[in-house]
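First subunit A sits with subunit B, and in the next complex the same chain sits with subunit C.
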Partner chain A sequence: MNRIYIAGIDEIPQHSTLEDNDELKVTIICPPGYNGVVNFGIDILRPGVSLDLAGLYICTRGERQRFNIAVRHLCPGASSRQLFKGVLDRGGNAVFDGLIHVAHGAGQTKAFQENHSLLLDETSSSETHPQLEIYADDVECSHGATIGSLSEEERFYMCSRGIPSEEARHMQILSFLSPVLSRIPEDERLSLMRRFRIL
Partner chain B sequence: MDEQELLKDIAGREYSEGFVTRIDQEFIPKGLTEKTVRLISEKKGEPQWLLDFRLDAFRKWQKMEAPMWGHLDRLPEIDFQDIIYYAAPVQDADRPTEIDPELEKTFEKLGIPVREREVLAGVKSKREVAVDAVFDSVSVSTTFRKALSEKGIIFCSFGEAVQRHPDLVRKYLATVVPSGDNFYAALNSAVFSDGSFCYIPKGVKCPMDLSSYFRINAAGTGQFERTLIVADEGSSLSYMEGCTAPMRDANQLHAAVVEIIVEKGADVRYSTVQNWYPGDAQGRGGILNLVTKRGLCKEGAHLSWTQVETGSAITWKYPSTILQGDDSSSEFYSVALTNNYQQADTGTKMIHIGRNTRSRIVSKGISAGHSDNSYRGMVRMMPGAAGARNYSQCDSLLLGSNCGAHTFPYIKNQNPTAQVEHEATTSRISEDQLYYCAQRGISAEEAAGLIVGGYAREVLSRLPMEFAVEARKLLSVNLEGAIG
Partner chain C sequence: MDMLEIRNLHASVEGKEILRGVNLTVPAGEVHALMGPNGAGKSTLGAVLTGRPGYTVTEGSVLFKGQDLLSLKPEERSWAGLFMSFQYPVEIPGVSYSAFMKAALDARRRASGKDPLSASEFLKLLSDRMAFVQMKPEFAKREVNVGFSGGEKKRAEVFQMAMLNPDFSILDETDSGLDVDALKIVADGVNALRSPGKSALVITHYKRLLEMVRPDRVHVLKAGQVVAEGGFELVEQIENEGYDSIR
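Presenting the complex of A and B:
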């Protein structure tokens, strides 16, 4: 199963369970122009299933976006992976609140979470609360989070080879987002990319 | 011997500092009202400004509510009217300046030298450490004061500092932790009894490690000490803090405040080995350790926190640094071990205000038994923190399937040139590691001690030597019965 939700257009399930599918792939997109909260919670109930969750947010012109993500492992032997990437610009503010919960008895769980944000100017800001709550010992869990800005070195490399600064910047942003963007079917991706020109 | 007694006996063996010193003590009645605050102030012969400070804090505290956001579901509701706020050993009229031999014995038993040992001619035995020993509500002895005062260093009990250096105390008190900062800090500001005061003058490198040792002895009391450390421009200091308490079935409250001011270019290293009584194997009794520790770094200053947390039924502690000056830096290294029914919610806060400020966080949590161990930390990049950078790493180790390990980081960045990175992992002792040790004749328990020691090495290696040895011992003692 591969599901794509666009905040503000599609209805995102606040509480769901993962039991029937062996593999569930979910991608959540928060496009520029969206101002609000995305709630996504999922309970993993059957051993052997895997969840692949990713999200992308572009937050600009004073917008506020918030992600409340909860992945709960209630059975042993399942795995989950989360990847959230976002770009903030012109007074945009994003908060990522993501929880991995491994219940008592949910051994052999594998759960990973990553959140990365890029700040493009002085007026934007970002907050992240990656959380682990673990009540079983035989597990492999980790999370990572970064907040930073575009690398000057990379831009210099491109500019010195004749790529205009604006275009180089655009390419940097696209490559930062590409791990999530590549999950979207091509035709849909192109229409979304057109919207990114706003940046 | 019935089962209860037997269990008590075993628990007793595990916590060797759990004895009580029989000594005449002076108490004030239970309960907390404005009268109590006035009484404590009067007992200590304090000036009016300090009484006003206490009363102001008390009024703030009355309007505040106890924070409940910690991942500490075993934190009981504390009846603040059922606590004795002041207990002091009665001083012998014959020997008003001498330390009571009973007290001296107590500290000797704990391995704390409260008397400057004579050094044999030409033989320097151990590295010298100046100690301020605090017994319940009062400081009973401070060593090496003469040697220190030659360099202009002031190291004495807080009460004495108020009498002899009121200008310094007044200038710096509550500048880092304001009296209304949080519920427990406000309580401490109102009823704090004693603690240590330390001032290192400009450009002086402190010739020896300074240390405070806190001991709770009396039943039904709370300990509220206040430590104020000021390192003036270009000075440097290494400070250590240790603590123990007797075993009792009832919880005892410990609400301390530590303030550190690190002036321009100064360097302070603050190490703690916290070994308060953790309660018995059934989770009865133990110290509720609810403390506020914070440092302020001016331009180019450096503050390093190292903590080993093995004791206390409840630990609620977040040593923090405000990186106010440009190019200042701070480190936080922590090992927190919880066993049986202990719960710890501990971590740090790094507030980056100045440009090019740097911070590094390394936290190692170990949970065993039915305990819960949480890391809670905040890294904040303020809009002016251009070029600032933070790196955090939090690892958790679970021993057994009934414990919990949690990570709750809060990261906020308001400057595009600031960089924040956070990583966390959770693991356990693998079968392979145990098997490897078993093959070589090392028992499971010993092996666990070795593996945990290796896991915590990065932090332990930051401690001053004597402390590192003690910390390693503590870790293995507290792990007894956790594996196998």
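Presenting the complex of A and C:
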């Protein structure tokens, strides 16, 4: 099952459950122009299931985007993975709140969360607040966050091959977003990118 | 005509002067070697010629095909026909080799007022050049240099050189860490570009590559200056007696 939600267009489920599917893939896209909050919450209820959750956000021109993401493991032996990647530009500000909750008795849970932000200028900012609430033993959980800028070395390498600096910059941003973008089927991806002028 | 004419080039990195008056000329149609001990400034010279950020030219000039090279942006230097095989090629996740090469070729063609290659022309060129450096076709779909071994990265640099068909190629220690077979591919790459209108500067520590490409002239860089120039006998001298024998 592969669900794709676009903030501002699709209704993103604030309270959902994972029980029936063995594997659920959810991708949340927060396009430029979206100024608001994304709430996504899911309760994992059946042992053995896995959640693969990813999101990308592009926050520009003074927009403020908020992410309240909650993954609750309420049964033992399930797994979840979260990957959120954001690009911030021209005064954009994003705050990512990501909760991993592992309930009493939800042993052998595997839950991972990553949030990476790319700041394109000095007026943009990004915050990450990972929260791990773990009430069970024998679990494997982790979170990681990075905030970085475009690599000058990478850009120089591309330019040295004749790729103009601005085009190289676009390729770098796409390169950064590619782990999430690649989850969207190609035709849908291209129309999304055109529609929201994601480069 | 001279392809490259470096005159009294001084350059520094973070305020430290590395190049201290380099004079070096490479005529069109010739392959030259640049040798020198570690820290002599060989890679700095390559960096300055290609316009890498962080290097400041404090004095001197570089003419490339009669044009002031140092006033050009890195991509403009490429469009003018300059190429450097990097000592440490950069990995670009999420960008395939074919997309990377298409972007590079299209931009270069645009800069000279040509239409981009059609998809079929591009793919033909791509597969032809990959075969030339004995890269497996699946590398075209792989992300640029991601997960490549050291040898594969160097081979991919030669592939890029063959794709872009530059007038002047700088090979910055492309032979380091290569086995004999990979070394032959690098040498073949340089030799294939040999023609009256093309030149190369091969930066190396080793005789083996130079035996295969037979440079027309050898320059020795020490402490930021060219201290000796000559023929292949200089390579032999360095191999046998070391850089200390050259004053």
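Here is the rule we use: the second predicted complex is superposed on the first by the 194 of 199 C-alpha atoms of A that agree within 3 Å, B and C clash if a C-alpha of one lies under 4 Å from a C-alpha of the other, contacts with A are read in each partner's own complex, and residues count from 1 in each chain.
Throughout what follows, a residue touches a chain if its C-beta (ideal position, glycine included) is under 8 Å from a C-beta of that chain, and two chains touch if they have at least 3 such contacts.
Worth saying up front: this structure is predicted, and the values here are computed from it rather than measured.
Novice: After aligning the two structures on subunit A, examine subunit B and subunit C and state clash or fit.
Specialist: Fit: subunit B and subunit C sit side by side once superposed on subunit A.
Novice: On the A-aligned overlay, A:Glu154 touches which partner chain: subunit B = first, subunit C = second, or both, or neither?
Specialist: In the superposition, A:Glu154 contacts subunit C only.
Novice: Can A:Ile29 be said to touch subunit B (first), subunit C (second), both, or neither?
Specialist: In the superposition, A:Ile29 touches no partner, neither subunit B nor subunit C.
Novice: Scan A:Asp121 for contacts with subunit B and subunit C and give back first, second, both or neither.
Specialist: Only subunit B is touched by A:Asp121; subunit C is not.
Novice: Under the stated touch criterion, which partner chain does A:Cys141 make contact with: subunit B (first), subunit C (second), both, or neither?
Specialist: After superposing on A, A:Cys141 lies in contact with subunit B but is clear of subunit C.
Novice: Look at A:Gly162 in the shared chain and tell me whether it touches subunit B only, subunit C only, both, or neither; answer first, second, both or neither.
Specialist: second
Novice: Considering only the touch criterion stated at the top, classify A:Met171 as touching first (subunit B), second (subunit C), both, or neither.
Specialist: Once the two structures are laid over each other on A, A:Met171 reaches subunit C alone.
Novice: If you stack the two complexes on chain A, which partner ends up touching A:His129: first (subunit B), second (subunit C), both, or neither?
Specialist: Touch status of A:His129: first partner only.
Novice: For the overlaid structures, how many degrees, to the nearest 10, lie between subunit B and subunit C at the C-alpha centre of subunit A?
Specialist: So the C-alpha centres give an angle of 100 degrees.
Novice: How many Å separate the nearest C-alpha atoms of subunit B and subunit C in the overlaid structures?
Specialist: Here the least C-alpha separation of subunit B and subunit C stands at 15 Å.
Novice: For subunit A, which residues count as touching subunit C in their complex?
Specialist: Against subunit C, the touching part of subunit A is residues 151-154, 156-165, 167-168, 171-172, 174-179, 181-182.
Novice: Which subunit C residues qualify as touching subunit A in the complex?
Specialist: Interface residues on subunit C, with respect to subunit A: 50-53, 73-75, 77-79, 83-84, 86, 89-90, 92-95, 99-101, 103-105, 107-108, 111, 160, 164.
Novice: With touch defined as at the start, can you tell me which subunit B residues reach subunit A in the complex?
Specialist: So the residues of subunit B touching subunit A come out as 71, 381, 383, 396, 398-428.
Novice: Hey, which residues of subunit A end up touching subunit B in the complex?
Specialist: Listed in rising order, the residues of subunit A that touch subunit B are 104-105, 107, 117, 119-122, 124-149.
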